[in-house]
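A, B, C and D are the chain letters, set down in written order, and residue numbers restart from 1 in every chain.
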Amino acid sequence: MASVTFKGVFPILVTPFDDHGNLDLESFDRTVRFMADVGVDGVTIIGVLGESNRMLDAEREQLIKTAVGAGGRIPVIVGTSYSGTRATLELSRVAESLGAAGVMVTPSRESVPNEDRIFEFFQQVAAGISIPIVVQDHPASTQVHMSVPLILRLIREIPLVACIKEEAVPTPPRITALLNGIGDRAVTILTGLGALYGAFDLARGAHGFMTGFAFPEVLLALVRSAQNKDFDTVHEIYHRYLPLIVYEQQPGVALRKEIFRLRGLIASSYVRHPGTNIDPTTAGHLKSLLQKMLPGVDITRPVEV
Amino acid sequence: MASVTFKGVFPILVTPFDDHGNLDLESFDRTVRFMADVGVDGVTIIGVLGESNRMLDAEREQLIKTAVGAGGRIPVIVGTSYSGTRATLELSRVAESLGAAGVMVTPSRESVPNEDRIFEFFQQVAAGISIPIVVQDHPASTQVHMSVPLILRLIREIPLVACIKEEAVPTPPRITALLNGIGDRAVTILTGLGALYGAFDLARGAHGFMTGFAFPEVLLALVRSAQNKDFDTVHEIYHRYLPLIVYEQQPGVALRKEIFRLRGLIASSYVRHPGTNIDPTTAGHLKSLLQKMLPGVDITRPVEV
Amino acid sequence: MASVTFKGVFPILVTPFDDHGNLDLESFDRTVRFMADVGVDGVTIIGVLGESNRMLDAEREQLIKTAVGAGGRIPVIVGTSYSGTRATLELSRVAESLGAAGVMVTPSRESVPNEDRIFEFFQQVAAGISIPIVVQDHPASTQVHMSVPLILRLIREIPLVACIKEEAVPTPPRITALLNGIGDRAVTILTGLGALYGAFDLARGAHGFMTGFAFPEVLLALVRSAQNKDFDTVHEIYHRYLPLIVYEQQPGVALRKEIFRLRGLIASSYVRHPGTNIDPTTAGHLKSLLQKMLPGVDITRPVEV
Amino acid sequence: MASVTFKGVFPILVTPFDDHGNLDLESFDRTVRFMADVGVDGVTIIGVLGESNRMLDAEREQLIKTAVGAGGRIPVIVGTSYSGTRATLELSRVAESLGAAGVMVTPSRESVPNEDRIFEFFQQVAAGISIPIVVQDHPASTQVHMSVPLILRLIREIPLVACIKEEAVPTPPRITALLNGIGDRAVTILTGLGALYGAFDLARGAHGFMTGFAFPEVLLALVRSAQNKDFDTVHEIYHRYLPLIVYEQQPGVALRKEIFRLRGLIASSYVRHPGTNIDPTTAGHLKSLLQKMLPGVDITRPVEV
């Protein structure tokens, strides 16, 4: 198992299906290898973007095995969130036993929201595994609003918590509040949300990205400049690609899958029901936008930024 | 596989665990056999009360096998709701292959609620199985509000839809509206909600109960009287047990499990996290209430009503 | 202004309209006088049952004036919850200046739920008035889940908080938790929810009712017996009227208004859009139920329990 | 009263307060006059951005009078959404009587979502006024998801419906679907969401903007180019200002108010509780961003784009 620092760029991968909705592990393998070639710091699989909530347990195992097998040099983080604590723990154990370098976990909405229950949830999961935990804070998908003091408590009291994937808007002041409170725990903050607030979040001190933007090359360039404290370049790169970032982060997995398809990584952009598949007009607009943003570039190969 | 009419009483069973949260299949087997002895028309497993959202797929299979094995004479209905359509279909297929007499399905809340998606969800599940479907209409747990016209469309266009488990409050006018719209389709309406509105719903024409009230003997007596059009007796029985019905249907699975335990059916009332376990004061009040409602009765045996 | 102890029975009143939706202040005056004659300890107006969220500010003022004028001997509590803190404060000031004995306030759901904001909300309202505050804890209507520690903090730090209207299910263990934490602050707990859990909540130590059940005579008898520690009688009365309690507390204001109409208090059971008016079948069933529960009783006069 | 076409740019205005939360009508008057000078096609007041849900009725009237008085040459659209149908109607009547050129209305979330109730809501409001209605479709603030068929029904059956403010993401395919269904009704589509998807929505055929982006000069330039079918220039302008658009549309009113303050239009960026006021770090970052995006520009005067 690869060790992992949770600094840099961790693309969240889509789960590829064929046109009948069956897992397409070949495409998945190809995608992971491509990411390794691009030079990312790890990949995250079976997240929201990976349609995790539409996946059977057996499929989860196949995806983990494929990613770990293909990842080789790079760590594989596995989304294991589930509506019950024990199931989350068991899925995390499976991930660990199959070679995952970490798990990404987000609490699910209980009928009676309760900060103590959320703490216990993470505590119980941590008690059963020995790989690091990425706490995902994404109320838009979970309907769970974690307060900054709660997240700091998770950091303080649960040693396996190694990273916060911060996606509660507005993210910039939240990142500042977290960094001010972390103290000397070696916990990192990664931003998500398709990199929508990338430059602003890096300026606040975020350590990188864990998100599904389909051009991780851009994110790598952003992080490199941020690590060099060259925030003018961060802004310049961010500004350059911002129309694509904005377009791509629109809700729905289909747009992202279509770009992965255009990049030659997956065979079909099929989304499982009740998700929406891409319509021809939108696919056409996306293609035009890509040509405008990356004129003459062969996007099936790593892009130079 | 037993055939099933969806008239009468179908207890929804709790999922028994030991005090560490492991499946207790022996208790489950005992519970199903007890229900068969009591004379219910079928049992429903892995519903909300069965903590379905805290269960791994492998555990679901074990529960189905146990219930079908123990049920013998009575049909077993399996809750197979899942957040994605394909997973719901696959879980339903598994249930069918293991001997389930029907599946109970409720739509999950999508980020963009849409009646057409809900229709397609049921349509696609129906297309892959050949056992009847119980449509559960329980917005309190699903946050999905199905309109009466949508439910009637499901009935009209999907032949496998055989029963509506109606739990959208207020239920009485809704049952009337559904019965008025069903036409000549042989679809039944069962009421749930712990039998809270039992007498009122039977008076509207409901065909019975699919719910977790821990004394199905009472529900059987209610249905028998309703079938004889003896609504004075329905009211009398309902009134007699109403404090217990009200107490038991309070939110949380723990109260029900504790009664199942007191009835000698399950070994522990343990609820999986983040559910709440029963506290001693509440357990004491429950015991007093049972003694007041059923003085001198041995509740470990079928109760005479 | 009458002083108020928040022990006993405080009916929540419906807001009467004519058949065109205009305020019917004559009916409102009659209702308040009837409640005073029945011997309640106060009335609460412009709550959820009073369709508060469908009322213009000018209408609120008319209702307060009418109730205070009619109340005479009994205190009038005014619901003043609003989505912004300042508006809640201003409406509370208006209520105080017009002679209200207290205000009932519940926090509204913000896009980012936050316990500190809820605390500040109550703190700022309290800072601008000098009459006591009833904190309403009713997540079913507000979607706000207040933890027990938060409510205890409100009690501890805001002297004007005089009463908790506890309606977060399951209520019994919550009432125990609150009573254990109140310490020596003279704060009372009233139960609501149409008295659905009345006997159980009184057994836990609740000091009475603030709710809309249309026969406050029953609630007065329950409280009297509870104050005498005669819980057998509490249970007997509760059990006797429970079918009516269960029927009446179904969601929707129309049922309650229809009973108030049948009691001769209001001229019309009209509910403002988008609320649902009562349908003839339901009205017929309600009438039958009333006759069954109160055979031969003239419900237009105070009922003997 | 000015007539209005609902094509072009309609800024949604913030409601200015002093540092104690009192209405600052002088700032409001100044803002409206500035917008008229800039050449916008109208202004919209008392929307979500205007903290409408924190406003008393008397304050609403003051704001309408001030805006209509200051607007002079330009139409004033008034947000009149309220949780009850009759209150929405009454607030709309008040707006009309005070000189509003139109009202902006969005349905509120009922406990039981129902498309027929939403239709009736708009129908009843329309029946009581004679100025045009802008239907706001913004699920993020209302939690109400209107289907495309429902919106088309509103357009088809309610002649006063003159404009759809489309803010249900992803907006581009929705705008296409609406335009395909409108037929020969002269209804326009305006995009909102702080112009986040401005270029993409104009490319789909949107007729302009009704949104709070604090530089309507940019939006006017975008619309002008779109009307000339010069979508390369649309893209160029959009791309140029996109970092500012992205930053400004983050949730919370405070950022927008701060820009209005920096533009010299309002005296204070104070937000009413429980809204969040701007913190110094964020204010500093905002100022840097403005200098980067508009170097050397005096933003207190209309900006040339």
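Basically, a contact is a pair of C-beta atoms (placed from the backbone, for glycine too) under 8 Å apart; a residue touches a chain by one contact, two chains touch by 3 or more.
Everything numeric here is computed off the predicted structure, so don't read it as measured data.
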How would the chain B/chain C interface be labelled, same or different, where same requires over half of its residue numbers to be shared?
same
Pair exhibiting more inter-chain C-beta contacts, A-D or A-B
A-B
In whole angstrom, how far does the Cα centroid of chain A sit from the Cα centroid of chain B?
38
How many angstrom lie between the CA centroids of chain A and chain D, rounded to a whole number?
33
Counting only residues that touch at least two other chains, what does the list for chain B look like?
114, 251
Residue ranges of chain C in contact with chain B within the complex
169-170, 172-173, 176, 196-197, 199-200, 203, 235, 238-239, 242-243, 246-247, 250-252, 279, 281-282, 285, 292
Partner chain A, residues of chain C touching it in the complex:
112-116, 139, 145, 147, 168
Complex contacts: residues of chain D adjacent to chain C:
21, 51, 53-58, 82-87, 90-91, 110-111, 114, 117, 120-121, 124, 141, 251, 272-274
